[in-house]
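The next block holds one structure in the form of structure tokens; read it before the comments.
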């Protein structure tokens, strides 16, 4: 595999070299002229050539600041022109590849005459994008209501305004052979472990792919084990959450064109913590977190336990429950496993349909599907009432996960459990669980253990794992990130003991 | 990856070969009873609940009765008559008629304790009368006989009857110096009642403790949290006084210094009066009255307990586990010697009664 | 002496090391296997209800052996292979180390086969052993190739997951009879020693320390954790035995093969009863790390002696286990294997003091030189 990677790197370098050797301004303009939205014309008293991509550059700037100057003055060098133009960040270059890069991001190029090697580049970038809106995937009742958008600059802005610190650093990498997507690695210098930063940068640079459309591409490409169903980088659309973990010493990866920011290194418990947990008083937050965790286990295990117990271990059903279960099962023609699979697939269908349809129709489909199909299936004697309740609860429970990605994982991993249950009852379920535990221990998130703080056991990090202790008990940043500066605040100063009535 | 997929498929297919019966496809035996036919044959009756389909949720009990030569033979024959495979996993009650119990239930115990599917908390009972009739009768109180018998035993073992189930019987059956006992059940006027406690010597049914003395046995055997005692007073005006027992402790002491071990059983009973014939008692009189009732109760209790122990010794059964106690507290327990001694071992019973209240209306 | 430890010590890269605390979990999970599900009747065979005293005796003996193991390892700084090489030379020492490898394999086999036996008796009388063993060993393989750190992690999880099973002991205590547990010493010393020997077999597993010692960060700091581990095991065995003695009568216990599993039967909750099925299913988490550790230890030795590929060794050993598990297919044979393993294990334990004496002598001789 390494061999293969190396080979790819070599090939790519050769491609680049070829391009450089061949590319001149002439060929560049020739290529561009094939597209109809490319504008190039002579303007002004001296007949300069003004060229730009019409759909990328802002006409306002051209009309108000550039053209008037060109028409009023006669200049002989680009330097003179540069001094005259009331626009910031002008650049003169004769490097064709730079010209190409800049023009493709909305710069206006001015040449003294056609095929002149010197080019003045005027930034006139206009990027159409969405306004900052409220988070939809990770909605919270209290707390900030801003969500990331598809622009890397706006996203940086959203974070920077929350973190006014000079050490807040962003390293930019361009990824994707064709899309040339800007990817930013964001961290706080002096808190984040340089090793982690290097790992991330290294992995980003090693990516070999033609297009990066969304941050989820990056997640899959730089994951330590890309065949695992568990996501090894956490994605969030909340700037507050991103900033929160950056302060903990984690690293965020912003991808241009994606409203989701990736954070790493992450742990499995982090996927079950929501930003609400920090907005509520800690006892409530802890209880809700535990409920969520229980919900996850319920969602994964309930149907397989149903299969195991009904198929093999009916001795476990108490007498009082027996009549309920047996009479609802009595006229079902299928064995429990088939019954479960039918119902699980139905729920999965509803989910998929609901996710693909517009919100309003999606809701209707959910209700219609849930109620009508469910009742009809029970009436028709295809599934039992008890199972319908269990499956519906399991589906509901799987929606309690605050991070969408892990919800998908939960949807998937219950099927091996069903298989185990059908084969060897509870022992089968246990064995599948053992497999997943082993798998989780094996997993790593950018080289840091994914199953922490459970294993390796880190008592410090357990304070914000299954439960969330109050802020004054969290005087140190999590060990998971190996922060350079681990101390959040001086615990001694805050924990002075006071006697009664003092 | 592809190869892994094949392996998985093969494994699933192979595992799928065994026929699986899920819960509704099994005949779940809940009650099982045996009658004596003659020396060679016995008659077994099983009760299998049949749950109604859909929303009706009624339960009917199906009964199968088969005469067979041995237990093994019986289960085979029952299987032949049943449309679904029999499952003993939820067996709740087993019953034996008096004659079988007198001959010994060792063989049945062996079957029950050997099968890993059978629970340890199942109830056993000796039936005064015909087991088959008892099981087949339709009762009004509960939908199934199994549930009914189980409920009766469960409810009573919390109050006036000593606790007895398969485990406690096995415990006594195997141990040296303890003998087991089981509830003694009878069918009366379309109802089931516990009419006493059946005492065993080893695996053989030897004697019955009457219903009135069951509570006394319970006091001697275990701590009682709930129970109702009845005292006959000499005073005509008081009549019978009912006491609700709230707490009792029992403590055994052994004096092994002499040739014959001597047992002291100390019992403390706490309770309150909940029934008295006389209505208009002066509040001044109350303490005296209470003391009098306490005294009376003590007397009667002691008398009964002594008679009970006498009964045990005569029947050569040791439900109190005196021998086991001796064995566990002193070295060099000689089983044979103890068995010889047992009928004549002196047992002193000391009772303390404490009445804490007289109810809220006096 | 310094020179000696330098030449012998085995350097393990830092990222594979475990913190001393995890020695607790490893020792404990190696000691607790299937034995605990039915050891009560074995130890009570000779000294009845007094055998809890022999449990304590056996525990004390194990603590002593553990101390010796640490002394041996402190002196050498390496693992059993290095020690053997040092004491007996390359060839004989290698042979001795191989015996250890086979011994661990035997331990794994015993645990695996007995657990399958438990499943056959209690859950699936018609279990397809060949398929089940295959899948189970697949799981073991997957975990063991994850390396020692993964196995250690699994040990920890297993200890945590099996703690709830201890709480179930309250059910038998409630219905049991404490009256008969009066401590009368009614048995001869010989009886006690006999049942001590029977109980020592439940505590097998500390020998593994001879192999994974180089994997501990700050190994000498782990002594207290190792002792805690043994202590915790003794405590659990003691509690289990006492609860069984409370619940069963002395003579009844002789008729009970799987005391602890039978105890689980009486656990009832409103939504679930007959806890033995859950108990056995949860016991998978106690069995898996046990077999994994033994497997890891067994495959690590050839790697150290012949520089063999450990992955290949694991595969080979898995197949040996598979074949052996299929071959031993009835209750009597499984019983015999258990007794045999017990005997072998006992002698391996007795080998530790010998090793200790040899080690001390060797050091004296070298120091004089």
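Some points to look at:
All chains are identified by letter, namely A, B and C, in their written order; residue positions are counted from 1 within each chain.
Following the convention adopted for this analysis, a residue touches a chain if its C-beta (ideal position, glycine included) is under 8 Å from a C-beta of that chain, and two chains touch if they have at least 3 such contacts.
The structure presented is a predicted model; accordingly, all values stated were derived computationally and were not measured.
Taken together, the touching pairs cover every possible pairing of the chains.
Centrality by C-alpha centroid: the chain sitting nearest the overall protein C-alpha mean is C. Chain pair with the larger contact count among B-C and A-C is A-C, by C-beta pairs in contact. The distance from the centre of chain A to the centre of chain B, each centre being the mean of the chain's C-alpha atoms, comes to 65 Å. In terms of their C-alpha centroids, the spacing between chain B and chain C amounts to 42 Å. If you average the Cα atoms of chain A and of chain C, the two centres end up 45 Å apart.
Counting partners per residue, chain B has 11, 15, 89, 119 as the residues that reach two or more other chains. Each of residues 135, 268, 273-274 in chain C touches at least two other chains. Counting partner chains per residue, chain A shows two or more touched chains at residues 312, 315, 317, 423-424. For chain B in complex with chain A, the residues that touch the partner chain are 11-12, 15, 20, 22-24, 26, 28, 30, 49, 51-54, 56-57, 59, 87, 89-90, 92, 117, 119, 147. Residues 312-313, 315-318, 320-321, 423-427, 429-431, 434-435, 437-438, 441-442, 451, 454-457 of chain A are the ones touching chain C in the complex. Residue ranges of chain A in contact with chain B, taken from their complex: 310-312, 314-315, 317, 319, 322-327, 329-332, 335-336, 419, 422-424. Put simply, chain C touches chain B in their complex at residues 49, 121-122, 126, 128, 131, 134-135, 175, 177, 179-182, 184-186, 248-252, 254-255, 262, 265-266, 268, 273-274, 276.
Remark: chain B residues 11, 14-15, 17-18, 89, 113, 116, 119-121, 163, 167-168, 170-176, 178, 252, 321, 324-325, 328-333 touch chain C in the complex.
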